[in-house]
Every structure is written in structure tokens, then in C-alpha cells.
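What follows is a group of structures, each given as C-alpha cells.
In the two assemblies presented below, chain A is common to both, partnered first by chain B and then by chain C.
And then the complex of A and B:
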């Protein structure tokens, strides 16, 4: 790790509180002057704001779809120290959205790849690489060295960890997230306010907005659900916009806001959640941007509320309390079917090839987009979501369960395959609940491991996504 | 920013992210008025399982402003004709 001025590291609050002391009154170098001139002449920017940027330290947690575009603009704007933490390496599937990487850097650590790109863009900042994951053990040590944190991560456990540590260390947090065709952005804990302070309205933390994570089996990653490049790019750029605004105006500095937040004209006391959604079907879609007024810090918040100093401490986090992984759940199969209702992909292939397998229905419960790239011969697409909805309708309104099947053949056994073998098990259960197994006379069988297993066991050329 | 107006006697409900996937809808109209406390039950009736999978950890807004779902003993809020409700689940990836 590159070392910066130890004094500034030890006390980030000193930054920009006193122009003489840390250089908000110094002259800009010729290079800085040339490089930042276009943004410095924007109303309300000027030299002081530029020097505040130069004297600031920003941490990007995640060097992916959000971190890449965000870091580009923050580096371009001249923020003096840029830390980036991520343990992943660049893969081809990243490049449609992770614009800080390159085809020539596939296989390189994302942090090193992004810093290569940023140095080319602006060599003046100090770049600090962390090529390991953020963890409860190291989070406070790293976060404490920065003025502002950008959450560009991809999982709920890390999101809660980052927010909690930011509350405890009084750091403002710009949080964004994106999946498929929608994105979210919110500035949290800004201006930074000590934990447990509730005498007035104060800004919320992540837990104030999202008290608990979604159940583990409904949490989707970009790898599973997909992501449109411009959607996540836009959210990352918006994050950079907020970061530059906060730093240029000094909102990240607790000591520079002596007024109470309510009296301070610069306060962000109306926290806003920006929602962007992008409809691939509707040309100028009606639901594009929405700015939602969020509530202030919550009295009963676990991390920043009334009793939070008793429930959440840095020492606690370091020693595993709260347990973030457990809190966010571990993804497990919701149902595990008995073995007689399951068959490996290879076994299915063999019995089909040898003609032992009688006429049957093969349902493929992947989304139609996945199905469009290829499927097992004879498979009929029946997306899982549709199946659940149809099953719920039958349960509620009654009707002939046989009707929900995309192919009609009341006697033939049903095989179900999905992407990785989780949804298919649930689908088998649902179909049985609807009585489609005719009290056990008709077999309904799950293909173990889904199309992933099919690729591994039967057809290596299968285009698995 | 325009949303199709709800027909008379209805409010508009918008679904985002996982709520869109679960309902297979971006928007629909539901009969107004409706007590905010009953909103989740009404949705559960239409979309079995949505409470546990989506609603319990989502945030809810009325006319672009965050609202807490009133708990027992807390004052209820009435969703009126023409209101716009949004169901916003957290998104984690990036």
C-alpha cells in the first residue's frame, strides 16, 4: 500500500478545516490548473472547492460495474487519494459494463486494471490498491483512512458491513446498486453524525432504509439475473456526481458543519433515493427516474438509533458480531427432494439415448432469454416465475391444474430442468402440490444440477450462461 | 415523469426490481381507498408468497415519499384514490 501523509491519514478531519494548514489556500500547479480548469469555473466551484477535492481521500469498495464509471469521474475531477478494494480478476463477461478494464487486461486483478486505466486518465492522484476482500476484520482500519466511501459492491452482507462501519467512524457513504434494468442511488450518513444522536433530524444509514436483507434464495447476482451496461454505468456516474459534490462543498467534514443540520443550508437532511428503471419494451418509457423522499435516521435503528451504541461497536464487528453472512443468509436449496424423484443429467441422457425412457414431458424452467441460446432436444420452456404464478392462481381460484402445463399429456411423466438445479426442485414440488402426480401414479422428476450439469456431464459445447 | 392515471376509484402501484419480477408487472391499479396496513395482505392475495419474498424487506412510498407500514397500535394511513404507491426492494448487486 502506498503511504500518504501520515498526519492526514491519522486525522482526516483536519483536511480542509484550516486553509493554511492543509493547503486550501495554496496556488494550483500549472498542471492542475490546466487539467481542472473546465470544472473549476463552474459556478460554486472555484479554487477552494478544487483544493478540497485535491485534499480529499475517497475509497471505492468494488471495482466493477459501479466502481469503474464512478472512479473515472472522481479521478478525473482530481480527488487526491483514491483507494480501491476488490479481490476479483477481470473476466470477458465484465467488459460490457466495467469500462475501467480492457480486453488486454483480462486475468489481471480488477484493482490493478482499474488503477492502470485511472493513471492514464489522471496521473496526479495517489492510488491505493487493496487486492483482497473487505471483511469485518479489516473494514474499520481501511475505511478510517478515507473521507468518503463509495459502496460499489455486489452483495448485501458487504453493504450492511460498510454502512455499519461508516456510522461508527462518522463517514459519509454514497451507495448505489443495480441489477437487470434498474438501479438505486442514495447518500447515507451525510453530513456524518455520531452514532445514537437523535435530538434532531439526522441522515439515515443503510439499515434505516433497508432494515433487513431479502431472503437468500431471492438474492440475485448480475451473473444470474443479468445487467444492462448503461443502467449500472449511469448509477456509477451518479455516485461520482454525489461524491464530487460532497467533497467540493466540504459536506464530508463533521468539524466544518458547526450549525445543527437543520440550520445548515448545505445539509442533506432530505435524504433522497434515486430510482432509475429502464424498460426495454417501451420506447420513451414512463418510469425512468424517480426521486423518493426518504425518512431521517430511525430511532429504533440497530446501527445508528437510540440504543445502537449498545448493539453495534467496532470491536464487536471485528470479532464477528453481528455476523453479516448469517444475517444475509446462505443460499441453500429451498427443498431437497428424495433421490427417487431426481435423476442426474447424465442418467437422463443415457436412458433417453437407449430408448428406455418412455414418452415424457421435459420442462425447462429457465427464463426465455436463457432458453433462447439452446436447450435439450424436446424441452419446452416454462419459466419458473410463470409456473409459480399459474400455480398460485389455480390454488386461489381453482381450475384444472393440467391446463397450466404448456404441453398436454395427462399420463406421461414430467421431467424438470432449470439453470443450476434449485428452481427445478421447487417446480417439482409445486407440480405435485397441484396434484399433477396423480397421487403418485405419474412420476415428476428433477434433473439434478440443471443445464450446468448437462454441460458438464453430457454436452460440453452447450452454451451455458 | 408521467404515469398512466389510475381509473376512478383506484390508486396506482409501481413495482421495482424484484417486485417487478415477482408480479411480472411494472404498474397496476388497485381499488382505493385502502388502509396502508392492509396493503401487503391485498398484494399477498394476488401474488402468493410476495410478502415473504419481496414485501417484508422492501420500502414503500406514497406519492414519492417514504412511509413506515404502521404496526399494531400505530396510526394507520389511508391510501386514497389517485395516489401513487411504489414497492422498492433493495438491490444489492452492481
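And then the complex of A and C:
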């Protein structure tokens, strides 16, 4: 049943858009035939599906942990035009997960590095490099040239921008994200549906599913929180899987909209949000993969809902409305501590070397994984989360605040260092709130800029992560 | 374990990294009081959230789950019996014994 309805829809499309003209009835070249034979003989693929892939254009936004694995499989499958946009350069810390780059290409623009890799894999597609960031000014011009968009970015502001432009230009979007040990994947706006259309059920956009971004102070980046290579890799490969499926079966075409949710064998109207959770201490279990059924397009959606043509336009986006950066918030550095409670990393080093500094406690509030790579001589690891939890317990239940310190000395001054100098300031405040400063008699001092500053000002060989 | 009187079992899942706030455990079956003691109203999702914060949130970084006003942090998706909570009245949605509530934090890395 399902197969028939898909087939009818596709045959209808081929006739309607003239298969001769867009090449869905041409012969495959010998090279194409050899290269794509193993996937073409898979049931439901065949020559037409392969030609649909060859005639398609896919845009990868981001050439990192998601974009690399995703682009490999999409290029391998023979999609005819592959655009890639990213302004970053390849760094050694990318290579454990960004498998389209190479040690020999460190320092090269990621887009050029990835295209080098993809050309070697499959020289037949046309590769289009964009070595600058996607912006509200250029997004529509670039996205308009493609049939399907893959969101492989790493920040919420760009994610909302991509989805909004995809809604306005009627482009389907395959969106994935990953952090630490978790990943998520969802197909949005597929089949693409004009903005504001709500006469029946239609697929959601990114804003329908994720109305508001998390506050800036809870947004973690892979650089800060870490990321397991296979986790993000799996999400990227899954994106490629969805992309190939959509293009091969023509689901990216507006005419493929199912009449009712019951006619929707591909879960397009109510797509699945796939969540992958990876546990370093456990075998795969019932929570490794979860599939959550999302709601269809929402009436009140800012981007695609009933009144959206008044709230969101391409012109507006180009001229800075909405303001994506403001919408997603910017994390600002705190400098609430008075200067007498702060000391630069260099000053700390000098007073310690010259013997001016009396006996003191040096607390390093980084996570134990960070601490394990190296620390300042004499530093004691006291992870920030542990500190906060112990402080909260004392506040709630009372008790001797001195007990929470990992080293005992009621008189010695306390210095606090963290990774980049934010947590340490909060830690100084917490310790003072607990009365550990003895009403000002004992000094509690923040080391400005954390271990990053230590590397820059004191010890260039320090292994900073 | 016999269920406590005047409570109902609710299945609660935390995904997308939220499990780290709840003893690193993605699945909890909790005994939720039938009535919210503060105003004796039937338990709804808002009450479930405050109950979770009070009794199950074992991590100091509470801002990853709730705002200081007690409302859920934006960017967390809530599904009640597999349906988006926006369609069920969000925090006002009344809960019944055996309901399944899933909290998913949105990820942005890549």
C-alpha cells in the first residue's frame, strides 16, 4: 500500500515536471553505473531514484562533527551538487570527530579540506565552497539554490535563521545536534509547505518544535562541554540517511504532501525527534535510542503559523529583523568582584616565586577530567559543581563551612582558579557567603582568566583544554 | 514497594543530557501526591516540576532545569503521553496515575 502511494506520487511528479528535461529518464554513464550499482539494486531504489539523487542539490551548513560524516555519505551516494558553508579552519582538536579533515590539512579552511576529501571519495558531483559564515544577509541567496538543507551548525542563532529561511523559501530541512554524550535528529518542513498554510495538517518547522532557545548561560558548546566522536558521527550519518531517503523518493517536492496524517507513511506531518544517549558505563539499553513523535505545524508559530507572513519575511531577515543573536542571548563575562579580591595569573606566579605569598590554599574548580591533564603546583581539585552542592547543603542544613574545603587550614588565604575565570569568581562569592572569609580577616582571591591565562602569561607549555 | 497513600505513579524520563541533573538516571517512576499541598488542587505538570526539583534534582546547577521563579527553563521540550505539552495546556495539564512525562533538553552543538 505504502509503496504504491509513493510510486504514484513520484510517477505523477515525473510527468508533471517533464522527466526528459531534468534528466530522470536518461541513461546512466558507465562510471555512474559502476559506482552506484550496490545502492541501486536495493529494493525501492533503482535507476529513477539514482537519477533523482544525481539531479539534486544539497547544502551542508557546517563542515564539522555533523557535516563531515553527513557529507561523506551524501557525496558517496552521488548527489549531483554539494554546497558546503563554514568559515572555520581545521584544528587538531577537531580531528577525533570531524573525519572529513586530516592531520595534513590542519590550518586549511574546513570547507576546502572537506571538499578535498569528498573529491577523492567521489569526483563526479559538483562541489560548491562557501568559506564565510552564513548570515541573515546572505542566507536566502545561498539556500535558494538548493533542494534540501542539512543543518550541521553548532549554535542556536544560526539554527533559527536556517529554519526561518527554509520556511520562507519552501525548503525541507534535516536538522541534527550533539553535545557530550547525546545527539538529536529531526526532519523539518518536509514536504515543504508555503508559510502560513494551515488548511490541514502540515509538517512543523524548527520553531514549532523548539519555540524558545535555552538561556545563554545553559547553552554548552562542544569546546566547553566536550563531545564524543561516535555520538556526533552517528547523528551526522543519520542526517545523510534521511537526506538520501528524501531525495531518492522525491519527498522534498511540494507535490508529495500527504492528504491526511493517516496517509503519511513517512511520518512527515508528525516527524520523529530521534534522541541518542550514550552511556560510557553501560551497555546499550532501552534509553539508547528514543523516538519522540512531534506535533504538526503550529497555528501560533512565529515562522510558519497563521499570522507568520506578518511577522517573518525575507526582507525583514536581511535587514536584521528578527535579531537572532539577541533572541538566543549572549553570555557575558562577569566582573562583579572588586579588584582587591582578584589577581592576575602572572602576579600570582611572581608573588609565589619571590616568597612574598604566605602559606595559602589554591583551589582548582575545573572538572576532574580537566584537572587530570595538569595543574598549578600545590593546587587542590575542588570541582565547581561539587563546591556549589556542598555550599547549598551548608546553607540548608547548617554546619561548619570550614568542613567543605578539601584541605583544612582556618587561617590561610584561599586562591581560586578555574578554566577561563568565570566559575572562580562565583566560587569566591560562594565561599565568602559561607563566612569562610572570617568577616574580611581571611583573603579569598580569584585568579583572573583561569588556567587559560596561566598558559598565556606564565607557562606556555601548560596542556590547556 | 507498596505505593504511598494519596500518591500516584508517574513515569518521568530525562533525555538530551538532563539525566545528569537527576542522578545520571534517564528513567524515574515517582510517587506524586494526588493534590498539590499548597492549594489542594489536583496535581498538574507545574506541581510535578516543583516536586522533581524538591525531591529528585540532585545537582547544584538547577538553572539547567528551572528558572529562579520555578518555571521550566526555556529550550526544554516536554511530552506528556507522547504529545507536545503545548497542546495539553503546559504546566496546567492535569496528571493521572500512569502518565508518562518526558523532558528533553535541546542540543545545539555539532
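Descriptive notes on the structure:
One rule holds in what follows: the second predicted complex is superposed on the first by the 424 of 465 C-alpha atoms of A that agree within 3 Å, B and C clash if a C-alpha of one lies under 4 Å from a C-alpha of the other, contacts with A are read in each partner's own complex, and residues count from 1 in each chain.
The working rule: contacts are C-beta pairs under 8 Å (C-beta built on N, C-alpha and C of every residue); 3 or more make two chains touch, one makes a residue touch a chain.
On a predicted model such as this, the values are computed, not experimentally measured, just so you know.
Following the overlay on chain A, a clash is recorded for the pair chain B and chain C.
Contact with chain B, but none with chain C, is seen for A:395 once the two complexes are overlaid on the shared chain. When both complexes are overlaid on chain A, the residue A:289 reaches chain B alone and has no touch with chain C. Of the two partner chains placed by superposition, chain B and chain C are both touched by A:178.
When the two complexes are overlaid on their common chain A, residue A:170 makes contact with neither chain B nor chain C.
Contact with both chain B and chain C is seen for A:213 once the two complexes are overlaid on the shared chain.
Put simply, chain A uses residues 62, 64-67, 152-156, 159, 176-180, 182-184, 209-215, 218-222, 225, 227, 232, 273, 275, 277, 286-287, 290, 292-295, 385, 388-389, 392 to touch chain B in one complex and chain C in the other.
Chain contact summary for the complex, chain A toward chain B: residues 62, 64-67, 152-156, 159, 176-180, 182-184, 209-215, 218-222, 225, 227, 232, 235-236, 273, 275, 277, 279, 286-295, 385-386, 388-389, 392, 395-396.
Residues 13, 15-17, 19, 26-27, 59-61, 63-64, 73-77, 79, 82-84, 86-87, 102, 104-110 of chain C are the ones that touch chain A when the two sit in their complex. Across the complex, chain A meets chain C through its residues 62, 64-67, 152-156, 159, 176-184, 209-215, 217-222, 225, 227, 232, 273, 275, 277, 286-287, 290, 292-295, 298, 385, 388-389, 391-392. By the touch rule above, chain B contacts chain A in their complex via residues 1-4, 14, 16-18, 20-22, 24, 26-27, 45, 47-49, 52-54, 56-57, 59, 61, 64-66, 68, 86, 88-94.
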